[in-house]
Each structure stands twice: as structure tokens, then as C-alpha cells.
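Each in C-alpha cells, the structures are laid out below.
Across the two complexes that follow, subunit A remains constant while its partner is subunit B and subsequently subunit C.
Coming up: the complex of A and B.
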């Protein structure tokens, strides 16, 4: 039985400085969101790491919980030394509630080309304490948990 | 009998942007799927490539899930390469369904020339185990 689901929200940025409004319904069977990861998927091919290509703000449960305010970065093209860690969240999802927010592109104009970003929401279909969805619960990592066990891609 | 097995699923990608359906069955002698690792022959093929996965018709990864999150480079030790499933996933002859979508943009293919790197074979490794 699968309890953990990685719900993905993909955003397509087509013009420099674009602001994308997000109104997304998370499936009702998902009860909790336990982590998130935002990453550039494809499109940009910078020669060097871009520490900021945009800002993401997300509110859960019909604007009731402002949970995510994150800078989105883009590694250098063909860079292999990038790490992907899920940031820990613990949000009880109301059935049928909307995930709302905005994404604002801040990519330097010289580096811009249309691109995609993906927001991965690690969700569980179980209530709190029914299943430990944090793989590193025993470790002292208050701010992030290592999704990729050890140093994947590092 | 051994407690672990690494079952391989091979998928041949013939052209950029191609989406391929995957069907397989896990080895009946092993109780659970412990982890997954996806191997592509070149680093450049990883960007944008996506893998959706269902086990016994239950969605594990959506079709938009990036292969980059399920693979690792040579700098990672062999016994740490796998993405481990945090929960128990039944193996024991489970039906595996999936969809592999190549990450290259179709419009980048010049004319009728076969683009560099194609066709290639993607390998999906499932770590099967009898341990809890």
C-alpha cells in the first residue's frame, strides 16, 4: 500500500519577469504535506550556477496557511554536483482546498529563455502520527531532511 | 536463497521527446521493493527526462517526476545510489507500469538527422528484498 505520494506542480515560464498565479487543487485523498522541493526542470542552460531565477510563494488550505516562500535557483548546464533536499513541512490538508500562490521570474535577462520549474510536494494519505514519513526523524536535522539519503548528486 | 535482487527494466528510446510505456512484473521470490535507480548512458540525457511509476496500479511517481531525482553520478558510492522507498511496497510478482518521457525538446532536432545520443537504452533498476 502506498502512503507517500509526490504531487507535482509544473510551471512554465515563457517571458522574462512573468508572474504566474497558482490556483491548484490537491487531490482530496492526500491528508498531509510533509515536504517540498522546488527545482528548475528544463529550459535554461546557464554556463554558471544562477542562484536566483525566481521567487515562489504558496499558501495552503484556501490561503489559510502561508507555508512556502522560496528562491528558485538553477544549476549550471550539465552540472552534476547539485543536491536535492526536501524542505520539511507539516501541513494538514483540508480536503478539496486550494493551493494558491504566485511565481515571479527574476532570471537575468541575458540568461533568459522559456523554462519549466517543478514544485514537488511530498504528501501522505495518512493522518499525522499514523506513519512516520520523515526518513530522517532520528537524525538531528531540524530544517531539512535528506531525500536523497546521504550525498546523492553531491 | 539470497535476500536481495536487483531487477533491471530496459527501455530503448529512439528519438528526442519520445514517451514510452513500461510494463513489467517483479520477481515473485522477493517480498518488497526497497528502492529504485535509473541509469542513462549520458549525463546530458538526464535533464528534463521524466519517469512515472505505478506498482499494482498504485501511483508511486507521477508522470512528471524527473529522472534526475532518481539517479546519481559516478561520485556517489555504488551502494548509496538507490532512491529508497520509505514505505513498504509489495514486490512478489507485482505489476509494474510506467511511462518514460525523454527530456529533449522536439524542436531542437535539426532536419531529419538522427540527433547525437539516440537511440539509447535507459535502465531502471529495482532493488528487491526479503528483509523488512
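Coming up: the complex of A and C.
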């Protein structure tokens, strides 16, 4: 059984053309990243849909896996936007590894005002079928797995 | 003084990335052209002469973007680029720089 956790990375863009360097440690209890979603969350209020307000590039596992290269869009102000389609990823996360990357603002200067974007990472905190009834499981499991196993048994 | 090759080898070993080849790569700029593109797919480029580049030179790649500022004047750090690397020079330069990279082919 896998527990799904959503890990959120929030980026604040304060000036036009700004580049934000991302160096973020993903919590060690997260084992696998299975999807991501990038959304503008606050700030811009365009009259029409902006197909591009920036580029995002993210590398997982201490620069080992260049997994995300995405163009970020912004819906028109007051437009109903209930689309939460995660794009699929399948990355085994190393415990405590860094998530690195860049976000570059490309918003047209006429539409720019400071804004926030959020990167939602859909992660699992345990491998599927990680639980078993083997009494020696604690010895065979890494620390975080055994922690959750005890948690569940309680 | 930072020894660039040792640093790169050490860092790539930490990341578990094997090196197929490493060598030097130069991008020579000249008047009349402000933008240069270097395809660096499946390779890494480490910029070694950032302090010698004109202020406001931009280097834009898939994995890193920098703009040369005063903070680079005394910096020994090596910036890493990969993917399509675009070099954009500021206008009205009197001396056109040569950008020097250490190219790592993966």
C-alpha cells in the first residue's frame, strides 16, 4: 500500500524576466514521485489566457534526473479553472536528495505584476506492497519504511 | 585556487555520472552578432572564464541561466549548462569576448 502525499513548492516572481534558482530538499519519507502539476496561483490578472508566463526546469536526485521541462501558462482572470491534470512522472527519490532547477519569467511586460506559481509534486511515501507479515521485516526495511509499518500496526 | 577538472570529476562522481570524454570548448564572438547558440545535448558545459566576460552577458540553457554581474568578477565558481545553450551579449561592446567551457560528454 502506498500513501500519496502532495509536496508543494511555491515560487514568488517579483520582477519581469527574473530567474529563480531552485535548490530544495524533498523530505526523506517520500519514496517516489508519480506526477506533477504547475499552476499560477496568485498575482497576475490577465484579460485573456496567457499561454506562456515562464519556463520551469527541474532535476531530481541531486542533479541526476532531468525530469521536468515545462512551459507555465496563466488562465484569464475570472476564468473557471478547475483543471487539475497531473502529468505523469516515475522517479524513485533518493532520501534527502536535492531537487534543483530554474524558473524563468517570460510574462509579456505589459501583463506583468508580481505573482506566485506552485509546483505540486504527487509523491508516494511507501512502495506499493511494502507491508508484509514477515517478522524480520524491520531488519530488511530501511528506516522510513519500518517507521510507517509500526505506525500502521499501532 | 579551485582546480576545475578535479572539481568536475569529483562532482560528477558524486552524482554517479560517468564521463565519456572531457575537453575544452571555446565560443569566439565577433561584432555584428549578439546571439550564439551551442547545442549541448547529452553533455555538460562548465563555464571557466566568467570573470572575463562583459557585464550583462546572458547565458541561457535548459538547466541554468545566468547574467554576468559584478558578483562574478572575483568568483571561482563554475556554472554548469546543458541542453541548448544560448549566449546573448550586451549591445555596444568594444571588445568581443571568447567564452571558454569545459565540455563533458556523457
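Following the convention adopted for this analysis, the second predicted complex is superposed on the first by the 123 of 154 C-alpha atoms of A that agree within 3 Å, B and C clash if a C-alpha of one lies under 4 Å from a C-alpha of the other, contacts with A are read in each partner's own complex, and residues count from 1 in each chain.
Assume a residue touches a chain if its C-beta (ideal position, glycine included) is under 8 Å from a C-beta of that chain, and two chains touch if they have at least 3 such contacts.
None of the values given here were measured: they were computed from a predicted structure.
Residue contacts after overlaying the shared chain place A:102 against subunit C, while subunit B stays out of touching range.
In the superposition on chain A, A:18 contacts neither subunit B nor subunit C. In the superposed model, B is the one of subunit B and subunit C that contacts more residues of subunit A. By the touch criterion defined above, A:111 reaches neither subunit B nor subunit C. When the shared chain is aligned, subunit C comes close enough to touch A:57, but subunit B does not. In the superposed model, A:4 lies in contact with subunit B only, and not with subunit C. When the two structures are aligned on the shared chain, A:41 is found in touch with subunit B, with no touch to subunit C.
Judged by the document's definition of touching, no subunit A residue lies at the interface with subunit B and also at the interface with subunit C.
Those residues of subunit B lying in contact with subunit A across their complex are 43-44, 47-48, 55, 58-62, 64-66, 68-69, 72-73, 75-76, 80-81, 83-84, 86-89, 103, 105.
Only residues 19, 57, 59, 62-64, 66, 69, 101-102, 104 of subunit A touch subunit C when the two sit together in their complex. The residues of subunit A lying in touch with subunit B in their complex are 1-8, 10, 39, 41-42, 77-78, 80-81, 84, 116, 118, 120, 131, 133, 135, 147-154.
Taken together, the subunit C residues at the contact with subunit A in this complex read 14-17, 60, 62-67, 82.
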